[in-house]
Amino acid sequence: MASNSHNEDVRVRDLITEKRAKKSISQIFEKIIPIILFSFALITILTTIGIIYTLLVETIEFFKRVPIWDFFTGTVLRPLSQDPQFGVLPLINGTIISSVIAMLVAGPIGIMAAIYLSEYASDKIRRVLKPMLEVLAGIPTIVYGFFAFTFVTPLIRSIWPDVEATNILSPGIVMGIMIIPMIASLSEDAMSSVPNSIRDGAYALGATRLETTFKVVIPAALSGIIASFILGISRAIGETMIVTIASGSSKNFTFDITESMQTMTAYIVEVAGGDAGAGTTIYYSLYAVAMTLFVFTLLMNLLARYVSRKFREEY
Amino acid sequence: MKLMDPSKMQARMHRRIYQNNILKYIFLLATLFGLVVLATLIIRVLNDGLGWIDFNFLTGRLSNDAERAGIMGAILGTFWLMVVVAPVTLIVGIGTAIFLELYLKKGKAQSFIQTNISNLAGVPSIVYGILGLTIFVRLMDMGNIVLAGGLTLSLLVLPIIIVAAQEAIRAVPSFLTEASYGMGATKWQTIKNIILPAALPGMLTGAILALSRAIGETAPLTVIGIPALIIPFPSGITDKFTALPMQIYYWTLDSSLVAEYANLAAATIVVLLLLLFILNSTAIFIRNKFQQRY
Amino acid sequence: MSISFVTETPKKELPSIHEANKQSNQVVFDTKQLNLWYGDTHALKEVDLLIYEKEITAIIGPSGCGKSTYLKTLNRMVELVPTVKISGNITYKNKDILDRSFKVEELRTLVGMVFQKPNPFPKSIYDNVAYGAKIHGIRNKKILDEIVERSLKGAALWDEVKDRLKENAYGLSGGQQQRLCIARTLAIEPDVILMDEPTSALDPISTSKIEELIQTLKKDYSIIIVTHNMQQAARISDRTAFFLNGEVVEYDKTEKLFSNPNDKRTEDYITGRFG
């Protein structure tokens, strides 16, 4: 380095050295930034801890008042009566039945749409149809609730008059429609990631597109497809507004899909929206039901991840 | 002796091809089914609601009289919610993404936080409502004000923006960061000057999608106890409020009592969907316009 | 070092390799028993190398021989790979650069780098060149203007871009982008410039422009260039090191190494028998 220079030009190196000496503030900054960012990342952890802690504490309080066995085996839910009973089975039943109806709609239609998009549609068509399906996924659930209550239910009743004004069938179907894009999109991803060389093998033997799809592509993409179904079920279990609006608040333990049933989520809305004071058994039942719901969906999500990891095909 | 009989194969061939063609159209119909429902839904809502949208409806106060009812309170409530949700999610979400992608070393801690985030994304929104009710409304004693609702919704949509921001950061080519480090830039200088500008379009797109999710979310607000009728308009984040989806909820429920409420709900849905449409178009615009191609 | 760059592209004759060899320059980098691992892969083995000031040192060898790794160790860019482990010793003008107390940011302002693929920032031409000065805290507009002009002149790019300094750098051709990257490096007035196959992504005309530029830069900078192109090494460098499987097989004056190599493997490589 020619430090003995006679030139009087700007000496960038000297300027840099000079600035560097003064840079202690920005050096502190450099150390503080990661700490601030870490505290942001901590919020996600705190959220999880917060959810588990609040649910757990109040649920334990609930089980001090209502035996855990009675809660999980009771078929009678009468929180507001003189002699309150807190059996959760009617809610679990309502949740399962609405989810099954939803999956009967979303499963076949979703997978068929995925097959079309992945195996049959041209690039051009796919680029038009996929975003349109995603619009369906972006509609707020409250809008679906309105749709179920004011359109689908009257439509069903005009065909099948036995169906009550609030029933589990209509919100089940509408939830299914809401879930179609999710299953279609995730299954399509799984099927698209099957390499073409595998398809080519089948085509070269003279297989049709259909045969290739069912005998080669779907078996290869099965783990992703199953995972999409499980996530769809989890979504249906956690869905709140559609069932709250369209299925009413009957706490009957029944399998009749023309009747009103309450799901776990709808019960939470009802109790939280009512005026159950803090400290009452009804108030604590809110947390016990929410805990059950949380565990249900968490298990589903973990299962979906396990399936897609464990059975992932190595191409 | 031939094991394959050509004539039999030929006979089966037609059936196989026929099956393939039929099912192709069935698959197409299944794809279109969702879109038909979407169209029905939109037509239905427009049909019921469009006639009810006028100046008085958009600027008026709530009223039991369907003819006089307006949604200004709900619009303002949704606006103030966004005033809370947008900065909170943007700062915390992008900050978390930067920490996970650029500061935290790959390893157990990283995969733990990552797994936790994807689990949070799968927690039903109503459970967030209970968290908000317990922590913000009761424990911190905020009551059911905008801030409590906004923070609850922020926690709910945080995973969406974190994941989007992480993807945007990963998409920044390493040759840019290497060039910056190669000039003696520090980590934060490189993040601030090179990574953030390059990742910003992707981050903003994710933020807007998260925001539109928050705008339409109803379940957590019902749990927090947002009332049906609020006469004074909210004028800040510490006021009590109602929001557009809550308004739709109450009007839909009561439509069995007063038939016109269904129209009011539909009209409010039109407003809500329009808002979401604008937000999503903005997101697509940002993505297409500012995404740098290298 | 204030006259860091020539302010106009010089037309004067370049010193011949013989002349360069006669100078007894000082040592810039002294590498002793350098070992480097990527996870379990032993990428550099017992590397000993002396790099001299104001010379062009070429590093040649087949792909995966560790030549780029060695280069990136000299400004510790190699540490961006999380699994990397280093042992041994490298001193830069008698300062141990592998020492934790030696700030990488400081090292990298002394030791600039030009990459294989031109990698300008998606910013204007001006902002690209001013970037280094700005991150080191220089905000004065007049000084920045001067730095930009001098650096672009030093990289023989000024005449081509002086009317469109505010335009995005991605509008330049590949060769211009690479000279912009050189200008960007010159702007912070480093001592040493590391070049990692700087012409491998360029066409022959751009390549010869850059080679010519490298020759003129030698006056003020010590340059270490990794190249897979042996003609390039022979054309422009004063000394050449031949790497093979993470080891230095031979290191000598370029003329000697190419005309009369000591090691059979060097001979095989430069005569094209492998690699």
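Annotations for the structure displayed:
Should a chain be cited, it is by its letter among A, B and C, assigned in written order, with residues numbered from 1 in that chain.
Going forward, contacts are C-beta pairs under 8 Å (C-beta built on N, C-alpha and C of every residue); 3 or more make two chains touch, one makes a residue touch a chain.
All values derive from a computational prediction rather than experimental measurement.
Chain contact topology: the protein chains form a complete graph, every chain touching every other one. Each of A-C and A-B has its own count of C-beta contacts, and the greater count is at A-B. Taking each chain's centre as the average of its CA atoms, chain B and chain C sit 49 Å apart. For the pair chain A and chain C, the distance between C-alpha centroids works out to 53 Å.
Centre to centre, using the average C-alpha position, chain A and chain B are separated by 13 Å.
Residue positions of chain A touching 2 or more other chains: 26.
Residue positions 106, 109, 136, 188 of chain C are each in touch with at least two other chains. Residue positions 186 of chain B each touch two or more of the other chains. Those residues of chain B lying in contact with chain C across their complex are 105-106, 173, 175-176, 178-186, 189, 193-194, 197-198, 292, 294.
Every residue of chain C that touches chain A in the complex is listed here, in rising order: 1-4, 106, 109, 133, 136-138, 143, 146-147, 150, 187-189, 191, 220.
Per the touch definition, chain A reaches chain C in the complex via residues 1-3, 5, 7-13, 15-16, 19-20, 22-23, 26. In the complex of the two chains, the chain C residues touching chain B come out as 75, 77, 80, 82, 104-109, 112-113, 115, 117, 119-122, 131-132, 134-136, 170, 181, 184-185, 188.
For chain A in complex with chain B, the residues that touch the partner chain are 26, 29-30, 33-34, 36-38, 40-41, 43-45, 47-48, 50-51, 54-55, 58, 108-109, 112-113, 115-117, 120-121, 129, 132-133, 135-136, 138-147, 149-151, 165, 177, 180-181, 184, 208-211, 231, 234, 237-241, 244-245, 265, 268-269, 272-273, 278, 286-287, 290, 293-294, 297-298, 300-302, 305.
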